[in-house]
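Below: the structure, in structure tokens.
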Amino acid sequence: MAEQYPILVLLVLLFGALLVGLSGMADRRVCFPLTVTALGLAVAVSIGILQRVMDGGVIRYFVGGWSRPVGIGIELRIDTINALVLLTVTTVGLLTAIFSFRRVRDDKTEKTPLFYVLYLLLIMGLSGMVITGDAFNLYVLLEVSSLTSYALIAMGKSKRAATAAFSYIIMGTIGASFYLLGVGYLYLRTGTLNMMEIHQAILALDGPSSTIVVAFVLIIVGLMIKMAFFPLFGWLPNAYSYCPSSTSCVVAPLMTKVGVYVMVRMMLTVFGTEWVFSNLQYTQWLVGMAVVAILAGSVMALAQVELKKMFCYLIVAEVGYMVGGAWMANHWGMVGTIYHIMGDAFMTLCMFLAAGIFLKQAGVVRIDQLDGMFRKMPWTMAGFVVGALAMIGIPPTCGFFSKLYLIRGGMESGHWFYVGALLISSLVNAVLFFRIFEIAYFGKNPAEGHAAHHEEPSVQPVIKEAHPSSLIPLYLTAAIILLLGLFNGQIVELIEHSLNGVQVIGTEILVEKGGQG
Amino acid sequence: MSVMGSFIISQYVLDHFNFWVAVILMMIGLYAMITKNNLIKKLIGMSIFQTAIILFYVSAGVKEGATIPILEHHAAETEQVAAGDAGAEHGSVVGADHDVSKSSEKAPAHEVHEINPDDYSNPLPHVLMLTAIVVGVATLGVALAVAQVIYKNYGTLEEDEILAKIKAAENDG
Amino acid sequence: MKWIGLIAVIFTGGLLLSAMDDFPNWGDAHSPANSSPVSQYYIEQTMTDSGVPNMVTAVLADYRGYDTMFETVVVLIAGIAIMAILRVAKQVPGGAKPTPAHEVGDQHDIIIGTTCRLLIPVLQLFALYVIAHGHHSPGGGFQGGVILGASFILAAIAKGLDPALQRLPEKRYVKLAFVGVVIYVSFGVACLILGENFLDYGVLHELLPTMSAEEARSHSMLGVEIGVAFTVSMIMFAIYANLASKGELEGGL
Amino acid sequence: MIWQFDILILIFLVVTAVISLQVKDLLAASMVFGTYSFLICLLWAGMGAVDVAFTEATVGAGISAVILIATVYNTRRDSSD
């Protein structure tokens, strides 16, 4: 059975969704246990996959057994990078599912089973995107995850949820279509859809081919829309802040990160770093864009008054970190990016879980409404602080180590602007979060505090500590953030293992490393 | 010069005419998606964009003088017998060759000795595009549902009017 | 906005066209895409692998059946999503339904009613033919499923949504849509249980001793297509029913 | 396939696409979009992609047009552009 693990992850989730759909219509109460069971099994299987990859190297799984000429069937290909990202996706899914417990209890409508069906299929789509080895299959799963996230966002009760979802649909479809078109250009020139085979065909091409270049640009631009990279992020803040908490907790950490992962996969496996870094001179330009993205995201986060919106702009900045790290053509930059995909997923999850709890318990939407939260909800704030420290980058959280690797990469490859932007962004994060701590600990200045006190006498007695079903995922997330930081050495070792396997390091970096060692 | 011109036209336009039109349709669709004010128009543009991509793929799979990717019916029947026999005998390759050659002797009008890949258009883009069409209609359906919700909330489908109403609501609250 | 859009579009168009001289000529049988081993394999080996003359069906349901499974899931998601988006959250589902539309004949034209009564059975029969004959002619689960769904939609347009929903209530079509995906996945899982990879239909011949591996592939494809047809037809009707009635499933066009 | 026929359809395609995007009446736009789908389905049938053409005929010219019209019926028929 162990060799069937790759497909089992998806099947467990798919069957979970089907069972929820079939039985949840009759009895709403089975939805939650079924969802959590399916996600728990998926996490268990992804741990099994990670174990197998660590022991036996890359897993290649041919669906339908069509392996003879590679590329006639669909291949699932898992190395340590996929396995780690897969584990991240399923774990975030599980934690958010636990968090959504309150939703079932409070929200007694016929929408509940529909929500869980879409939720499970979203996690399935994202997991499928992570493990697939076929460029077109990736498109299908991209659409699975996109359609579910459109629906989950549009289900929000806020009036603006629908408009946000609509612009997300338009942008998301443009992104997915660009990706599809890029795959079409690749197919036209290489005649195959299997990622490894495309790589071989690109290496075998005689001379530069403009088709491949255009395909590359289309795919990267399409993915940049999907991951909300700087000039193309317009859809993100509204879409992620007007949807229900249990939706934003899963969509915000995962969608952009999986987008970044797919970009890394395209660079590593499909086009190959030799081609990406040597035939093209765009790397400088893209790192420059990333610098702008980091600075713009941080500045716009500073300007926000709403908590969730602020986190959304921080996501834009974080995407800038990762894109910049990936395009520095440096070993440590790439390592830092992949490590940051995992770390940032949990950090964002922590932020949005806390924001969801604040919204639920105290009706907090704006930052200034947080005053006195350390007193009112000390347990929630404890979890939030861990996430905030990770966002700032204080050891021993994972945020510190990912920034360390990214900065090391930036220094080795001489991208000083990137290093500077990263430090400025950390500073901005520090300002942002210490401002929140200050409000939450000391309250606002007396006059304002007094006014606020008058405003919300009806809300005041309602504020009480969060339900355990909300606190458990928050604490688990905080624990994972710390564990990721403490065990960063082992994780980086795992990532490096795969990077050597697929030759991540561009030629010039090989030379550089040779010179050092 | 005119010979040269017609050569260039034939080289760059006629040989790739399908691709040209696909790109033109894509641009029409994309332009509508970005700039149209009416949400339904945006969605029509989206559908045009997607069909143009499908046109691109299908054009990539065309072979001059090839037929549809369904094997000729007569050939199909004899081959099917061959395949069935082969499976029963557990000697697939030998059995298949044997039977096919026999059937071609029986029916010389149909040359079924071997399937020539050049005779059939490339089936792979067709399969991919079946998927893309279905994905397209799924997206369209979801987007139309969202558009109806927007209409219910704001009473209009014009983007500028919706934005104005959102602004007004923000100023009020 | 118009100018930004125009610039973006011109830029994209220029980018797309810039690779045009690198393209293989239109209709070139020896372009990389057309002469690749993958495409050649499909054309040459489909008959020996499964005995299905329609290569598109074979590739769709067998070689790339994994894609098709998710494609079916996409259709399912679309239906669920539209229901989830449009449905106004009701605390008490159901309740007293309004009186069924007894004035069907009054509202709707008799010519249309009669024509549809004659047309719908033929449409449904044709849909079943398309599903079942997908191995030998263009067609298959998607096309047949859409035609089947279209016949329900036609009924709903001609006679009004309410009578159509009486015949095919929401609970039933949602259930059938899920059942379609279950059928598809269970074929794959059966292969898993018999010890082969997911969707490796060849191994299913162990279930029926008289069947060869090729026949098993061919028949499994038919089974899978039936599952697809279930989902697609029901979801197409669901999409129409929800969009036509603003999610209230009453009244309709 | 006959290339004159091909080019004729391609030109009509562009024309119908532009019309369906320019018409101010959304019902008419949906109908012209159905025509567009039908034309592109003819084109694919001519190019030998019969399965794709069949799917487009049922999905694009059939269901898409119907759900577009259903939405237009439930919202507003006129458009500003």
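We just call them A, B, C and D in the order they show up, numbering each chain from 1.
Just so we're on the same page, a contact is a pair of C-beta atoms (placed from the backbone, for glycine too) under 8 Å apart; a residue touches a chain by one contact, two chains touch by 3 or more.
Small disclaimer: the values here were computed from a predicted structure and weren't measured.
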Which of C-D and B-D has more C-beta contact pairs: B-D
Between chain C and chain B, distance of the C-alpha-averaged centres to the nearest whole Å: 15
Approximate Å spacing (C-alpha centroids) for the pair chain C, chain D: 20
Approximate Å spacing (C-alpha centroids) for the pair chain A, chain D: 38
Chain B: positions in contact with at least two other chains: 17-18, 24, 26, 30, 59-62, 66, 68-70, 124-128, 130-131, 134-135, 137-139, 141-142, 144-149
Per-residue overlap in chain A, given as positions that touch at least 2 other chains: 136, 140, 143, 147, 150-151, 154, 162, 181, 187-188, 193
Chain C: positions in contact with at least two other chains: 16, 21, 23, 31, 33-35, 38-39, 42, 54, 56, 60, 64, 67, 71, 74, 77-78, 81-82, 85, 138, 142, 239, 243, 246
Touch relationships between chains, expressed as pairs: A-B, A-C, B-C, B-D, C-D
Complex contacts: residues of chain D adjacent to chain C: 50-51, 53-55, 58-59, 62-63, 66-67, 70-71, 73-74
List of chain C residues in touch with chain B within their complex: 1-2, 4-6, 8-10, 12-13, 16-17, 20-21, 23, 25-29, 31, 33-35, 38-40, 42-44, 46-48, 50-51, 53-56, 59-60, 64, 67-68, 71, 74-75, 77-79, 81-82, 85-86, 136-138, 142, 212-215, 232, 239, 242-243, 246-247
Contacting residues of chain B [partner chain A, same complex]: 26, 30, 33, 39, 42, 46, 49-50, 53, 56-57, 60, 124-125, 128, 131-132, 135, 138-139, 142-143, 145-147, 149-150, 153-154, 162, 166, 169
Sites on chain D touched by chain B in the complex: 6-7, 10, 13-14, 17-18, 20-21, 26, 29-30, 33, 36-37, 40, 43-44, 47-52, 55-56, 59-60, 63-64, 67-68, 70-72, 74-76, 79-81
Chain C to chain D touching residues, read off their complex: 54, 56-57, 60, 130, 138-140, 142-143, 146-147, 149-150, 153, 236, 239-240, 243-244, 246, 253
